[in-house]
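A single structure is presented below for examination.
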Amino acid sequence: MEEACGVFGIYTQGGDIQAASAAYYGLFALQHRGQESAGIAAADGKVIRQYRNLGLVPEVFDDEILRGLTGHIAIGHVRYSTFGGKDVINAQPVVARCKMGMLALAHNGNLVNADALRAAMEDQGAIFQTTVDTEVILNLIARESSKGLLEAIRSMMQVVRGSYALVLLTKDSLIGIRDPYGIRPLCLGRVGDSFVLASESCALDAVGAEFVRDIRPGEIVTIDQSGVHSVHVPAPLGSRLCLFEFVYFARPDSVIDGVNVYQSRVEAGRRLAIGDDVQADMVIGVPDSALAAAMGYAQQSGIPYGDGLAKNRYVGRTFIQPNQGMREVGVRTKLNAMTRNVRGKRIVLVDDSIVRGTTSRRIVEMLRTAGAREVHVRVSSPMVLNACYFGIDIATSQELIGHGHSVEDICRFIGADSLKYLSLEDLCKTVEGAGCGLCTGCFDGRYPIDPETGEMLEG
Amino acid sequence: MEEACGVFGIYTQGGDIQAASAAYYGLFALQHRGQESAGIAAADGKVIRQYRNLGLVPEVFDDEILRGLTGHIAIGHVRYSTFGGKDVINAQPVVARCKMGMLALAHNGNLVNADALRAAMEDQGAIFQTTVDTEVILNLIARESSKGLLEAIRSMMQVVRGSYALVLLTKDSLIGIRDPYGIRPLCLGRVGDSFVLASESCALDAVGAEFVRDIRPGEIVTIDQSGVHSVHVPAPLGSRLCLFEFVYFARPDSVIDGVNVYQSRVEAGRRLAIGDDVQADMVIGVPDSALAAAMGYAQQSGIPYGDGLAKNRYVGRTFIQPNQGMREVGVRTKLNAMTRNVRGKRIVLVDDSIVRGTTSRRIVEMLRTAGAREVHVRVSSPMVLNACYFGIDIATSQELIGHGHSVEDICRFIGADSLKYLSLEDLCKTVEGAGCGLCTGCFDGRYPIDPETGEMLEG
Amino acid sequence: MEEACGVFGIYTQGGDIQAASAAYYGLFALQHRGQESAGIAAADGKVIRQYRNLGLVPEVFDDEILRGLTGHIAIGHVRYSTFGGKDVINAQPVVARCKMGMLALAHNGNLVNADALRAAMEDQGAIFQTTVDTEVILNLIARESSKGLLEAIRSMMQVVRGSYALVLLTKDSLIGIRDPYGIRPLCLGRVGDSFVLASESCALDAVGAEFVRDIRPGEIVTIDQSGVHSVHVPAPLGSRLCLFEFVYFARPDSVIDGVNVYQSRVEAGRRLAIGDDVQADMVIGVPDSALAAAMGYAQQSGIPYGDGLAKNRYVGRTFIQPNQGMREVGVRTKLNAMTRNVRGKRIVLVDDSIVRGTTSRRIVEMLRTAGAREVHVRVSSPMVLNACYFGIDIATSQELIGHGHSVEDICRFIGADSLKYLSLEDLCKTVEGAGCGLCTGCFDGRYPIDPETGEMLEG
Amino acid sequence: MEEACGVFGIYTQGGDIQAASAAYYGLFALQHRGQESAGIAAADGKVIRQYRNLGLVPEVFDDEILRGLTGHIAIGHVRYSTFGGKDVINAQPVVARCKMGMLALAHNGNLVNADALRAAMEDQGAIFQTTVDTEVILNLIARESSKGLLEAIRSMMQVVRGSYALVLLTKDSLIGIRDPYGIRPLCLGRVGDSFVLASESCALDAVGAEFVRDIRPGEIVTIDQSGVHSVHVPAPLGSRLCLFEFVYFARPDSVIDGVNVYQSRVEAGRRLAIGDDVQADMVIGVPDSALAAAMGYAQQSGIPYGDGLAKNRYVGRTFIQPNQGMREVGVRTKLNAMTRNVRGKRIVLVDDSIVRGTTSRRIVEMLRTAGAREVHVRVSSPMVLNACYFGIDIATSQELIGHGHSVEDICRFIGADSLKYLSLEDLCKTVEGAGCGLCTGCFDGRYPIDPETGEMLEG
């Protein structure tokens, strides 16, 4: 399960921050949102320069490249993609020349009507060189150049359907845009006289910026020499922030739409324990994302918290599985059961979600091999029943073990002694302070936008 | 602070395990012991083939290279070095031809009389192409070829002074050697009919092997077609396992000389809390190595455990600091304070050790910036007063903040509200079950071997 | 002086040739036409796949990449660019989706009205992601999709002004297009039932294809399952093949528009010698491009031919000049005077052209240092007086030593004892058999198309 | 057929030349002598630093690496090896610490008693980490450290049997050594107050140095602060320079032992034509090494010289042959017949040597396909009948087509209309001015040293 993207932008003033270097730090703080490619575009008031390549942020950029990205404004993007082979052509930001001059755009989210929009523009003679929605959005903006940039953006927002947190770079300004439902997060920060836009607040911290506020659903924020300007395109039917950001994707030290990600996870664990009368000796979590929920579960249940799984912190994109028969042997490469801690114990194993079920199955088996007497799996979110069409690559419906299987089936499949999920109602309560509504589509199928028709639905 | 090295060896029988691939998994599990270079040598009964290069294990090896390392026996090595520039010539295993045929050797540890031994051999016409002790050891063994390999190894052990856990590969056997004090760890495992040697038990887990036992101080274990044979060279004055393996270096899921690393850390935290009457709202640990101790402290003190620092899990060897003025800004790149968790709170911050003091200072400052009202630092080991001469690159004595400063001085330097260390007596109790004595040189200067003279001291 | 590009295309039938591999060989034979980037796109009747990167052909492609480019049709491109930094975004073929499906296009040449065309399309909302003309051409074709591909190409040819040899790939056909003046070469070959298009005939040889014929100026050749179809857009004012292809760019083993490149160079040397009464002991040529002309000069003049300059055959794109003061010392890195051959002799040094004069100056000096008594420079083409706007990166007018300097000035600048150029009249006679007229713009300013206005001029 | 190695050394004075950069240029001029690996070691009066890696000289070194190789003295090495896989461990110079301090050594040549010497030293406890003779030589020198460096070198020269041109670097001196037969070349040059040693004089030219003289067979030249000192170890039985250096290996612009390589090749061609009554229309040479001989043949015979084969000048180490069926098709990748030049003609094809016969066969076939009516092959050296044991990797005897086949057999195999070789007597006359005798072992089996016994034979 992988997040599609993270975006970052900075408009510097005063000269003590080099914009591209700040983008580098910011993107590195957002690395968990995309590990396939990274890119930065920078503007100096006249031209936009860019660099993007496949790889992690520190692999893509070196000092020489960053020095070449001169200018006081920069945007950046990290991406994970599963569509076809890896191709640098699909790396972002996408930079283009149009009637309004050079523009660079970075996008987090997914449009459900991109194909239709692309087809309509192709009918009128347009060509598309990438398969990313970003190119569609740029074309839509460019087509309304005569109205001026702001109106062109509003026009684009009238026709696209889906999720988008955008940072747009012109030769002398930085613009942040969040879709009318606010499905994907975007926030504003400030360091000195410089302003920062980022998918998550942890990227503000990385560049020493203070959190100012979240960009509102449907808001267009323009940052230029004269300051920060906002235009609000109200969400027609209520905002719908992606609930999965809290469950799994966002970094625990981020605050999204007023909700502390870490605290929401502890609370999910706590609620998961309420009314659960399982008899156990230790609560453990699957590292790293479920540790907070495990902590909450332990606090509420009174069952001691412990560590039962060690993670190899060097696991990354580049680890290869040798072709030879060692694959079976190498199962404990990423996670290893801490035998002495679990041996002879009845374990509550907290995970944040179950997608295909195969990883859970392997962990349960590993714990049993290590001597655990019982393994009770507790999931700090509801069953994932549906695919996501709004920027998270969960899986297709068919691959979801929740799709067409009962809790009992799943429990048997993963080999647990018992299995419980958090209810959607409880999960929603963990983010109660959120400044906007929630998209719960993957759990209950109630998408804000019909993925087939693009029709915008009731909030 | 970096561990010098990790070693791994496997003698396979039955053909379902490819030795070099197993070494790859084993080394990856030991990656935390050395990130500069990695190497594997494999023997097929006739010749030894090898590959080694700078980089992390998954960067150095690919499938094609592993396939080329044919043979049923393999050894491997990961290394971190601070001596001079990086140079692949110093990567291990070192492979050499000598009177006894081809040998490959991988070494974890440090000899204190290597220079003298090298000089003596140079007097007799030897040349040295690397700066690693491994080459010295190989020469010493080769010189006694006429006695046969086992006797040659014993002769070598008579003259070298220092720490060494060795895996030695001949064309048809695998040999494990641990120095008479057992300063560096080495253990034996078994999977099917195959035998494994590794610096830590977590590497046994990685290849599906069961832990059999620790190699004893002064033991030479030979594994060949006829099974496992052991020769014991008794430690003259009692065994002295490095205590710092438990404090910081070893992986929490390893068991060394009978002691569960994770449990010893929890226990250290627990003991640290006994008699500590600090008033606080939350106990947090510095990720990842001090989290277990923080947990133990919280359990004992009754102060709630919480997460206060988020670690960017993509931080690695390759992260560059751009030259521009962003360095100051980028302080929260590796660790970030979780503002909402710590704001307004009195924090007990547990760390495993303080070496130079600069990292602690930065973390304390970060927590205060994030709103912590008080920061009480608790260290789950005693003050580090002395350099290590036996394989751990701590720092020179002059760089150690413990060297010539009082606890009060250090407390002031790091900006904490209070500072306490665990006593050496308590720390030793956390590993009470250990099958051997302990080297506590970095804490109390009581080295097993005089680093100047090579004299072997009382246990 | 560098050629802009080379193009290649193959439509295979019968299955014994893998199209992408053939393109690899073909591009390698055209490597002299562009060393910055290389790319191949392949079609299998359904989709187009592509790969392109910076580097020489054998650096860009490996077996795995070629295997991934499945399909029976392929096109390829090699490119040299001087506009700004190297950027893979400008590598070709450009692949795009449009109303007619996927298209891939590779272009050799230069449009003089690309900016105007781009601006006009930007006015209508188009965006441009590269700075290459190929993207302009693709857009122009896509805009006329409703007419069908062939008519869309004809429409494009009505509006673009400049030189273009194009290979266009659809999902199931291969199309070759040569501009109405035929400024850049393009030829057709056949191997078995497969057809090949290439910038030069040497690329046909590389894949074992027989030369069939040159594509005619203004011709559109479509190759698909039903065979080879041709549509001829007659050149309005007579064809104008680039004369510089023969002087310097093309490979000596190529035949272009009926003229053997090698023979035309020998003939140029021969004509250069007619009426030249210089007294000399040896004729030498500047390797590699002027050796044929030197041979011709020697034959005609009766002065013995000899080798006086040795070329380091490993000189390539990657040779770095260390920063230190060695640059002066390293002057003989690429070419070295053969001292024993030239010492004490009166030398006729034949070069194919003089652009900036700096290279000639260095060679003359090197020969004198090696002991040459006299150095008479003979140039097998006329003075280059004007920049090229049609696809050859000679230099700007200002950089041309021929611009505003007399023969005497230049002779003095390069330090020769005498200097003579071939007349344009004579040069034209060396290619007398050519099937089309010639562009002589760089010599006499008579461009087929006004580079400012795009007006098409008299032949 | 590949030369084993090239060596270079420079002792700078005055500070205007950076020694490592000069070595870089010098090695690049010797690149034809070895393309597998390159290395440079530099000394600054105190320590020796080095860098070596697989690849061509410009691929191995960049500006940063060269800057790191500080010091006023440097040596370098290029290597081609066929023994087993490529391994950087076998790259040179080999740097070692011994009783006399740090030494770096680079070797061109081959010892016939290396195995025996290695075995003898292994008996005494030595280990060997590489398979190169250089390590053997360094050990032999180190063993006699007590005698001082010069005597230690003389002692080494007493026991080694084979060919060696050595450059040896100490912390403050540069030493050149040529074996007593002078089988491999080595010369001395001077630029300002700096002295240069190189395998061929073309490397002197590359750094702007004047040729001073060849190092004499058996000479040891020491260059240090006090100047150039020479000790001569007389060749016991007369000098024996490798004749194949002139035939094929050396660069045409080099002068070796007083003989101009280029002129010797022209002369070989000339002598080949004497008495040859073949009727033909054109003489062509196989590029690049046989062009001079073809020129000589044409001059003598009166048959016109022409170009019939074009070489792709981008062919290099990295060209891959795709796995697919294209191999047959790609035969004209490296060399292409110039069809218009050869069609209908009777051709004399001059090559410098025939080793396995397969390349000649392919070229003859290519010329026939291109329309040549007759192809008469003339070889500017005698039949190669025996393997080389002194540093040139020709082939094993069994692979040599000259081994056990008559001229008629070979003529039939390569498909020529006729075939003639130059006689050994004539070939020796082409280098008549050489300052020393010749090794003709590959032609007549008269090796200076018995390859089996190491016995030194009559001159």
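Which chain is which? They are A, B, C and D, in the order written, and residues in each are numbered from 1.
Going forward, a residue touches a chain if its C-beta (ideal position, glycine included) is under 8 Å from a C-beta of that chain, and two chains touch if they have at least 3 such contacts.
Small disclaimer: the values here were computed from a predicted structure and weren't measured.
A.B. asks: With one step meaning two chains touch, work out the least steps from chain A to chain D.
C.D. replies: 2
A.B. asks: Identify the chains in contact with chain A as well as chain B, in label order.
C.D. replies: Output, common partners of chain A and chain B: nil, no chain qualifies.
A.B. asks: Can you check which chain pair, A-C or C-D, has more C-beta pairs in contact?
C.D. replies: Between C-D and A-C, contacts are more numerous in C-D.
A.B. asks: In whole angstrom, how far does the Cα centroid of chain B sit from the Cα centroid of chain C?
C.D. replies: Here chain B and chain C have centroids separated by 60 Å.
A.B. asks: Which whole number of Å gives the spacing of the CA centres of chain A and chain C?
C.D. replies: Comparing mean C-alpha positions, chain C is 48 Å from chain A.
A.B. asks: Measuring from the mean C-alpha position of chain C to the mean C-alpha position of chain D, what distance in angstrom results?
C.D. replies: 36
A.B. asks: In chain D, which residues are in touch with two or more of the other chains?
C.D. replies: none
A.B. asks: Provide the full list of chain pairs in touch.
C.D. replies: Between chains, contact exists in these pairs: A-B, A-C, B-D, C-D.
A.B. asks: In the complex, go through chain C and note every residue touching chain D.
C.D. replies: So the residues of chain C in touch with chain D come to 16-18, 21-22, 24-25, 28-29, 31-32, 35, 56-59, 61-63, 66-67, 191, 202, 205-208, 251-253, 255, 260, 262-263, 288, 291-292, 295, 299, 304-307, 310, 312-314, 316, 318-320, 322-326, 328-333, 336-341.
A.B. asks: What part of chain A is in contact with chain C in the complex they form?
C.D. replies: 68, 85, 88, 94-99, 103, 118, 122-129, 135, 138-139, 142-145
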